[in-house]
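Both of the next two complexes hold chain A, though its partner changes from chain B to chain C.
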Partner chain A sequence: MKTLIFALKKISGAIVTIFAIVIANFVIFRVSPGDPIRMMFRDPRVSAEALQRMRVKFGLDKSMWGQFVDYFKQLMHGNLGFSFWQKRPVLDVIGDRIVQTLILVVTALVIATILGIILGAISGWKSGSKTDRTILSVSLVLYSVPTFAMGILLLLVFGYVLLIFPLGGISSPASGFTGFLYAKDVLWHMVLPAFSIVLWYVGEYILLTRSSMVEVMDQDYIVTARAKGLRESVIMRKHALRNALLPVVTLSGVNFAFAIAGVIEAETVFSWPGIGRLTYDAVMKRDYPLLQGIFLIFAVSVVLANLLVDLIYSRIDPRIKTGAAHD
Partner chain B sequence: MAILEIKDLKVHYLTKEGPALAVDSINFSVKENKTVGLIGESGCGKTTTARAIMKFVKEPGKIMGGEIIFKGRDILTMSDKELRTLRGAELTIVRQEAQNALNPVMTIGDQIAEVIREHEHIDKRTAWERAENQLDLVGISHHRAKSFPHELSGGMRQRGMIAIATACNPDFIIMDEPITGLDVIVQRQLLTLINDLREKLNLTALFIAHDLSVISETCDDVVVMYAGKIMEKADVVSLYKHPLHPYTQALINSYPSIRGEKKNLVSIPGSPPRLVSPPKGCRFHPRCSFAIDRCREEAPEIREVDGHSVACHIVK
Partner chain C sequence: MTNAEKTAEIVNRKKKREIRKQKTRDFLYLLMNHRMGKVGVVIIVLFLFIAFAAPLLRTVNPHQTGKVAHILIPPNGRFWFGTDDLGRDVWSQVIFGSRVSLLIGFISAFATVFTGALIGIFAGFYGGYIEELLMRIVDFFMMLPALPLMIVLAAVLGPSIWNIIFVVSLISWPTTARVVRSQVLSLKERPFVEASRCIGATNSFLMFREILPNVIPILFAEAVIMITEAIYAEAVLSFLGLGDPIRISWGSMLHFAFASGTMARAPWWVLPPILSIVILIIGFSFLGTAVSDILKPGYKETKGL
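And now, the complex of A and B:
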């Protein structure tokens, strides 16, 4: 019951947030300079009368409020507008790209999270040891190198000098691969872009898990666990890591959202045809409806990721539901 | 038969200014079914002694010498694996401040069942039933087994700690200020519980406190510590009626008695010495109103006087 109320609270909070985002997303593009109709038809020979007809067709002659009602109605029907540049519905354009981005980002983040937690836990458990110092310095370096720099470095070493991995793209052009071979090909192309993301995030996960672990190791309940005569591996997993992971879960939600939006660098360096590249292109082409659609997708994914984290968090930290202080 | 024998135990804390002699060559033993009280001011080495018995002394602390014989075997020479089979099963501890001593993300039932399963290798269901019984035993309804620590009161958490410490029928239990930091009514209830359990489970225990009245209710024998040294050992009645050591006398005079005559409380002047550079001779002499020249020069050995063991030059 407590869980249900908590979940409903969080879900309604998320709905309100998304609604606010829809409004902000609408307003930002109304107050930005430039006439969208002029953007679409840059040819000076188009008559003013024709422009006016287009304005009426797109509903831009209506009041702000009227336009918002239209926008909202269409949104509810899943219509995100029409891309100037691609001359296709925005939803189709985004739909073509989002899967590639999700494959890349989810794979990279899962690897980074698991690797980061394992290394961070070992590091924190043995804090002060040689292993700890090595892991710590490596992760500090990784965390300091920006994704695009790491990407270019990986590209140079593994793509150009060693020729182990392809330079870019998602699959070998004109290879005619299907089924399993195609999947293998995509995987092969994904190694470098994924690792440029993994290497950055893994540093962050190691640092957070380690510091959280060190803090937990000083807690009284670890002494209690020792006094119970438990094996070290059990103390580490059940008592230390279980508590140390709480802040890591929070980070995972935030990171997932940031990674979707922040994948622009990796996708640009590796010519990965995902939503990051699409954003870059949409900005270059001043394709407002497309940008608006992308922003909405980004914002909603941030909210949903956070909602998911809240719900997971209430499962793993029993203090959350009752609102007990988290110290 | 003595379950626990501490022989010449030395624990030092290695500080920048030199070693602090937190526990300095102490000797005492605890016989089966007896409870020994260990009393003294803060920083006298009580808790360090408890930690040494569990072999929990951590950097910068170091056990410098001595033996801790538990059921005939020296804990200090045991391997980690041997220690693990002892801890939580035969040798357990209830520490002060249980507020954070329970894992916040595990139910109290799970935390009790865990120790039973670790040492007795029984199936989950049986362990859980045993955990529920333990809760009933310490006065928490077994319906609360699925509660998390933050859903329990301070007193209940400490009861939970006692449930964990007694779950595997230990041969020896250390209670390190188990009621400190709780309000007086809860303290009273916990003392009653501890005394009940002592009888029901035939506990052998070391009870650490800084409060004489608590010791008098729970213990058979008392060990008085001051600045890392034992000052006096005696059975509880004799110690109260005829304290021999000036420090024991001063301790008793500084506590009010509810039933006894009204008298002015006398505080002990000064404060305990710094353990990095303890005073020469008897460690209590700077605060002792009976001190003679010999006390300033020569550390007193423990002697037997009227059934007490006492370390003092002036006691005849």
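And now, the complex of A and C:
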């Protein structure tokens, strides 16, 4: 019962947030300077009647509230607007890119999480040692390199100088690869963009796992485990790491939001045909409806990712539901 | 007020000022004895010097486009870091780029921390509906994906340095508000606040004269983090083509290098701005690490203070 109430509370919270995002998205694009109807004609000689007819046609004669109702109705029907640049519905334009982005994000985040947890655990286990200090300073430095800058560096070194990896795109053009060869080709193209994302997130995961591990090491149950004469590797894996990982789980939800930033930067540098590159193109082409649609998709997916993490987390750590872990 | 009371008041104030001075001295001492803190301070001071002395350090006007023969030439005696695709001097551009990064970093950090502290104090002090409402707003802002929101706002508002500052501050204040609120929650229950309330202090006096001075160290730590994030945000936005078109920044240099497609032929055009961004961010994040170390309870004692 408690689980159900907790879940319902979280879900209703997410729905309210999404509604607020929709309102924000509507408002942001209304406050932009300029008259869209005048922009359409770009001719000062157009009669006032013609302008008025166009306003009525696009529903811009209605009040702000009327316009919002229209926008909301269209949204409920899955209409995110019409892209100026691609001359097709925004939803179609975004839909074509989702899979590519998901492949890149999931791969990068999985690698970063695993690598970060391992290195962070080693670092926190022997905190203060030379290994710890090296890992710590390397991750602080990696964390200071913006993803796009890392991307450019990787591109210069491995793409242009060493000629090991392709410069961009998702597959070799006109290669005619199919099946396994195509998958291998895509993987090959993914190495650099994925690593420019990984190298940033790994720093964050290391820092978090490390500090969580250091905290856990002071707990009484670690002392007890040692007193029982358990092997160090068993204490580390079964007693310390398992408890140290709790905050790391929460982070993966928050990180999804940050991952979007990494994706926009990496996809832009490597021309990876996903939503991130689409964002850059939409900015360059000043395609506002497309930009509005992309923002809505990003924001809603972050809310959903957080909801998912909250629900999973309450299963892993029952204290969350009762609020005991909330101090 | 009698004369004796006045004297007591003056003495009291002097004492307070002395304590504050001593605390600042202790803090600087600890900072300069912290390995990362020292490195951070040196880097930041170096970049501040470059930014202030930019007109003296530049060799050519960074906006000055060159003759055809000056396009994309490698580093040499005249153009220390070579030139870009319009024949502009890369060294002078990097020098002037430091101004944009630091300006945006400091002003947005100030705006962020100011707003965040104000809202955090109000929420924590008053509690009840006010807290509920303010914290809902904070949660909402923290939920939004920062970079897409910044891109959208920067695109809609138009490219300018002030819009970037506005956008960055709008995104970052909730973190500070949340940190300050949780501090205020515990501070307002302390005896000294209670005592002040008993002798008839007003709410604003309690908030800004009693509680605020105690959150200043945390605000300083927050500000350092916010500077880092603002520098990062400016670099990314400018790289994506949303930078101020009339001011050269490291991000916009990379944008032009990337968009021109000549990056591979001219590494001297790309490496200086990248290294500058990275080193400056490292400087601030080292300082941030040092400050949060120093503020940890018990750290002072381990250093014999």
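Operating definition for what follows: the second predicted complex is superposed on the first by the 297 of 327 C-alpha atoms of A that agree within 3 Å, B and C clash if a C-alpha of one lies under 4 Å from a C-alpha of the other, contacts with A are read in each partner's own complex, and residues count from 1 in each chain.
What we mean here is this: contacts are C-beta pairs under 8 Å (C-beta built on N, C-alpha and C of every residue); 3 or more make two chains touch, one makes a residue touch a chain.
A quick note: this is a predicted structure, and the numbers were derived from the prediction, not measured.
*Asks:* For the combined arrangement obtained by superposing on chain A, do chain B and chain C clash, or do they fit?
*Replies:* On the shared chain A, the partners fit.
*Asks:* Which partner does A:Gln52 reach: the first (chain B), the second (chain C), both, or neither?
*Replies:* So A:Gln52 meets neither chain B nor chain C here.
*Asks:* Once the shared chain is lined up, is A:Ile316 touching chain B (first), chain C (second), both, or neither of them?
*Replies:* In the superposed model, A:Ile316 contacts chain B only, not chain C.
*Asks:* Identify the partner contact of A:Lys228: answer first if only chain B is touched, second if only chain C is, both if each is, neither if none is.
*Replies:* After superposition on chain A, A:Lys228 lies in contact with chain B alone.
*Asks:* Of the partners chain B and chain C, which touch A:His239 in the superposed model: first, second, both, neither?
*Replies:* first
*Asks:* After superposition on the shared chain, which partner residues are touched by A:Asp220: those of chain B (first), chain C (second), both, or neither?
*Replies:* The first partner, chain B, only.
*Asks:* Classify the contacts of A:Val302 with the two partner chains as first (chain B alone), second (chain C alone), both, or neither.
*Replies:* Only chain C; A:Val302 stays clear of chain B.
*Asks:* Report for A:Tyr143: first if it touches chain B alone, second if chain C alone, otherwise both or neither.
*Replies:* The answer is second: A:Tyr143 touches chain C but not chain B.
*Asks:* Could you let me know whether more residues of chain A are touched by chain B or by chain C?
*Replies:* So, of the two partners, C touches more residues of chain A.
*Asks:* Please provide the least distance in Å between a C-alpha atom of chain B and a C-alpha atom of chain C in the combined superposition.
*Replies:* Once the two complexes are overlaid, chain B and chain C approach no closer than 11 Å between C-alpha atoms.
*Asks:* Same chain A residues contacting chain B and chain C, which ones?
*Replies:* Common to the two interfaces on chain A: nothing.
*Asks:* Where on chain A is chain B touching in the complex?
*Replies:* 219-221, 223-231, 234, 238-239, 242-243, 316-319, 322, 324
*Asks:* Sort out for me which residues of chain A touch chain C in the complex.
*Replies:* 17, 20-21, 24, 28-29, 31-33, 140-141, 143-146, 148-149, 152-153, 155-156, 159-160, 257-258, 260-261, 264-265, 268-269, 279-280, 283-284, 286, 288, 291-292, 294-295, 298-299, 302-303, 306
*Asks:* Help me check something: in the complex, which residues belonging to chain C touch chain A?
*Replies:* 140, 143-149, 151-153, 155-158, 228, 232, 235-236, 239-242, 254, 258, 263-264, 267, 270, 274, 277-278, 281-282, 285-286, 289
*Asks:* Which residues of chain B touch chain A in their complex?
*Replies:* 54, 56, 83-89, 92-93, 95, 97, 99-106, 114-115, 118-119, 148, 150-151, 161, 164
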